[in-house]
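As written, the chain order gives the labels A, B and C, with residue 1 at the start of each chain.
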Amino acid sequence: MMSPAALTRRAAPVLACIGLLAVWQIASLVLKNDSFPTAMEAIRAIPDILGDKESLINILASLRRMALGFAVAVLISIPLGLLMGRSRSVAAFFNPLLMVVYPVPKAALMPIIMLWLGVGDITKTLVIFLGVSLPVIYHSFEGAKAVEEKMLWSGAAMGLSPAQRLVRIVLPAALPEILTGCRTGLVLALITMITSEMIARQSGAGNILFNALDMGQYDTVFAMIIIVGAMGICFDAIFERVRARLVRWSEPQFDMPLSFS
Amino acid sequence: MTAVPARSSEWVRPVTLPEPASAIIEIDRVSQVFQTSARKDHVALSDISLTIEEGAFVSILGPSGCGKSTLLYIVGGFVSPTSGAAKMKGQVITGPGPDRGPVFQEFALFPWKTVLGNVMYGPRQQGVRAAEAEAQSRALIEMVGLKGYENFYPKELSGGMKQRVALARTLAYHPEVLLMDEPFGALDAHTRTRLQNDLLNIWERDRKTVLFVTHSVDEAVFLSDKVVMMSKSPGRIRAVIDIDLPRPRRRTELLLDPRYQKHVVDIERMFDESDEAGPSL
Amino acid sequence: MARILSPTVLLGIAPIVLIVALWQGLVSFGFAPAVLLPPPGFVFSRLLQQLVTWTFQQEIVATLIRLFAGFAIAVVLGVSIGVAAAASPAINAVVRPIVRVLAPLPKVALYPALLLLLGFGHGSKITLVTADALFPILLSTYYGASTVEQKLIWSAMAAGTRRTEILFKVVLPAAMPAILTGCRIGLVISCIVVFLAEMITSTDGLGHALVTAARTFQAVDMFVPLITISLLGLILNALLGALRSYLLRGFPEA
């Protein structure tokens, strides 16, 4: 049973979605611009895209690359971040490099990597991998750094080796922070995926978007935007569920993912 | 002559003090009920009535959680009572005002302002011109013994120094009543003693009304004209004790004074007794 | 001098030197043809050469204008909405669910729509930068403003500060550390987004320079804008860091 307050809280994002669509609908009716379809028109175009076999294959291929890039990035970045957090020299070694790489748009490496590896899946997956890595490394680093020294001392006193301490103490203690990083990384994976496809313009969801734009199929453009947006919101909501389950013991967190391209 | 009757049954008499002509704060049947997360009502204060005379130094003493801070916040106007009213000079208190200056245990200094900036904040807010406010504030900083620290930031000061700044910041806008919530609670014993002496000196000079919350029986007896003892769950006034020790008070002399010792012992006995009785529900 | 060359710094420079050495090695020993991977010396001399040309400076200026405009709007909107949401439960009730929906939305997907609505000029790119930089700033501000210590506010109120003034005199300065953290993230995001937007469609700017080079397979010229945006990011970050330590000089651990 949910209390009325909890019910309102659950319903609020749905109401917000409806509200935003309503604002769009009204704005498009007022502006009466040929290249700005109404929300209803865009929504009506969604089944066409999802029903089209080629589009669907394209989108699924995009998602596969995204999943692969995300998974590999997480598997490599978490141990690296934890090591950096617990060892000054490892941190000193990697920090400046990461600082230099941070403001470089990862998707902008597409053209260069394309030169070497071609336009195929590997290039796009690699770019997604790069995009996801940084926030996950950063948050794992911060999480591991904040682990209380005394916890590790008691671990050492119980006879845990340094490697065991990293896995049995640092990892669980830093988990809330790591998962925050993964959440940001997940949204980033989606964004990098779309952007890389917009730049490579060969296949995938980003490509459908810009092809439709070039061909003047504005309904499709906006329908694709809704689809991609819904993906972002759904991934985030699902991940949030998982996160809440994994770290039930930790303080409820406020922060939402800091999504960016 | 002691205010504490010998038999304990007489302690729990209802507090009906004769209304003095110079009452500055009147707390009139104030109750405070908090909604807890378990959605049960928690009675923090129950039917509190108290009158504080102008220029008096009144301490509130009681076990942790008995509502001392809540009572002080109500007088400050930060919290409004569930029922009853607190009055300042006959006016019902509806919000904070510069006539009542709080000094908190946590100092609550503005970290983005220097010592001088913190102390000047009140006068500037009252519309005093910058040059004048600065001169007044510098004098106050000197009075609390922090000359030379005007341009330091709070983070660069020790706990005792921060509490001096907090006191100066409040004194700077000339409140008629000082509301102090365990102001020396976070300090070590030595600093605490020094600040108590300084506070007494300042108070003996301008005789502001002080409402002073503390855990320490010594501190309450040493500083006050009157000690209000509270009991817990629900928060009630248990007794009001007049401290008839001569002023100016010197700590070293008082410690040897049998009257001082008697007050301390009497009050501590009352605490023991309430502990034995267990929580009164 | 001794401080600058501390072991920590040397350790930090090591991987960067290593990468450059590896890069040089790949070219020198013929593992990678210079057409695909120009040697580092060549790239850096090309960078220096480009930096003094008028055309390249114009590209940088175009990028910077969009970056600053977008970032500035994001700061103004993010800080004011964040503070308003923290101060008023009514505004909070409206803003919160909207932010929950919009924050995880991949903003770059909106870019085609922005192009249709605002055209191919500055407007669409600035809006995209704002949309992306807004949320970290807003969330950070909201967090900072809603966790301001109650007793700071009470102290100010007792000193005679009116409710409306409290926002500017207490809440905003007290939330400043959190706001600046949000700005720092927002700034990096702005660098990234402006570059991407220029790559996807533009007639000028650093991103455009990269795409032009890619079309003609000029590998050297592809590296130059990338290094430039990385340097810009570092410089802007350092400037913000300096501003931060000035503004937060009173705060502990700033």
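Please note the rule applied: contacts are C-beta pairs under 8 Å (C-beta built on N, C-alpha and C of every residue); 3 or more make two chains touch, one makes a residue touch a chain.
The structure presented is a predicted model; accordingly, all values stated were derived computationally and were not measured.
*Asks:* Could you draw the chains as nodes, link the ones that touch, and say if you get a line, ring, star, complete or other?
*Replies:* Drawn as a graph, the chains make an open path, so a line.
*Asks:* When you take the mean of every protein CA atom shown, which chain's own CA mean is nearest to it?
*Replies:* C
*Asks:* Select, from A-C and B-C, the pair of chains that is joined by more C-beta pairs in contact.
*Replies:* A-C
*Asks:* Measuring from the mean C-alpha position of chain A to the mean C-alpha position of chain B, what distance in angstrom results?
*Replies:* Chain centroid spacing, chain A to chain B, equals 53 Å.
*Asks:* Centroid from C-alpha atoms only, then distance chain A to chain C, rounded to Å. What do you get?
*Replies:* 18
*Asks:* Could you give the separation in Å between the centres of chain B and chain C, each centre being the mean of its C-alpha atoms?
*Replies:* 49
*Asks:* Give the residues of chain C that touch two or more other chains, as numbers and ranges in rising order.
*Replies:* none
*Asks:* Considering the complex alone, what residue numbers of chain A touch chain C?
*Replies:* Per the touch definition, chain A meets chain C at residues 12-13, 15-17, 19-20, 33, 35-36, 88-89, 92-97, 99-105, 107-109, 111-112, 114-116, 187, 190-191, 194-195, 198-199, 209-210, 212-213, 218, 221-222, 224-225, 228-229, 231-233, 235-236, 254-261.
*Asks:* Write out the stretch or stretches of chain B touching chain C in their complex.
*Replies:* Of all residues in chain B, those touching chain C are 76, 78, 95-98, 100-102, 104, 106, 108, 110-114, 121-122, 125-126, 153-155, 169-170, 173, 175.
*Asks:* Where on chain C is chain A touching in the complex?
*Replies:* For chain C paired with chain A, touching residues are 7-9, 11-16, 19, 32, 36-37, 93, 96-113, 115-117, 132-133, 135-136, 139, 143, 185, 188-189, 191-193, 195-196, 199-200, 207, 210-211, 213-214, 217, 219, 222-223, 226, 229-230, 232-234, 237.
*Asks:* So in the complex, the part of chain C that touches chain B is made up of which residues?
*Replies:* Residues 149, 151-152, 154-161, 170, 173-174, 176, 248-252 of chain C touch chain B in their complex.
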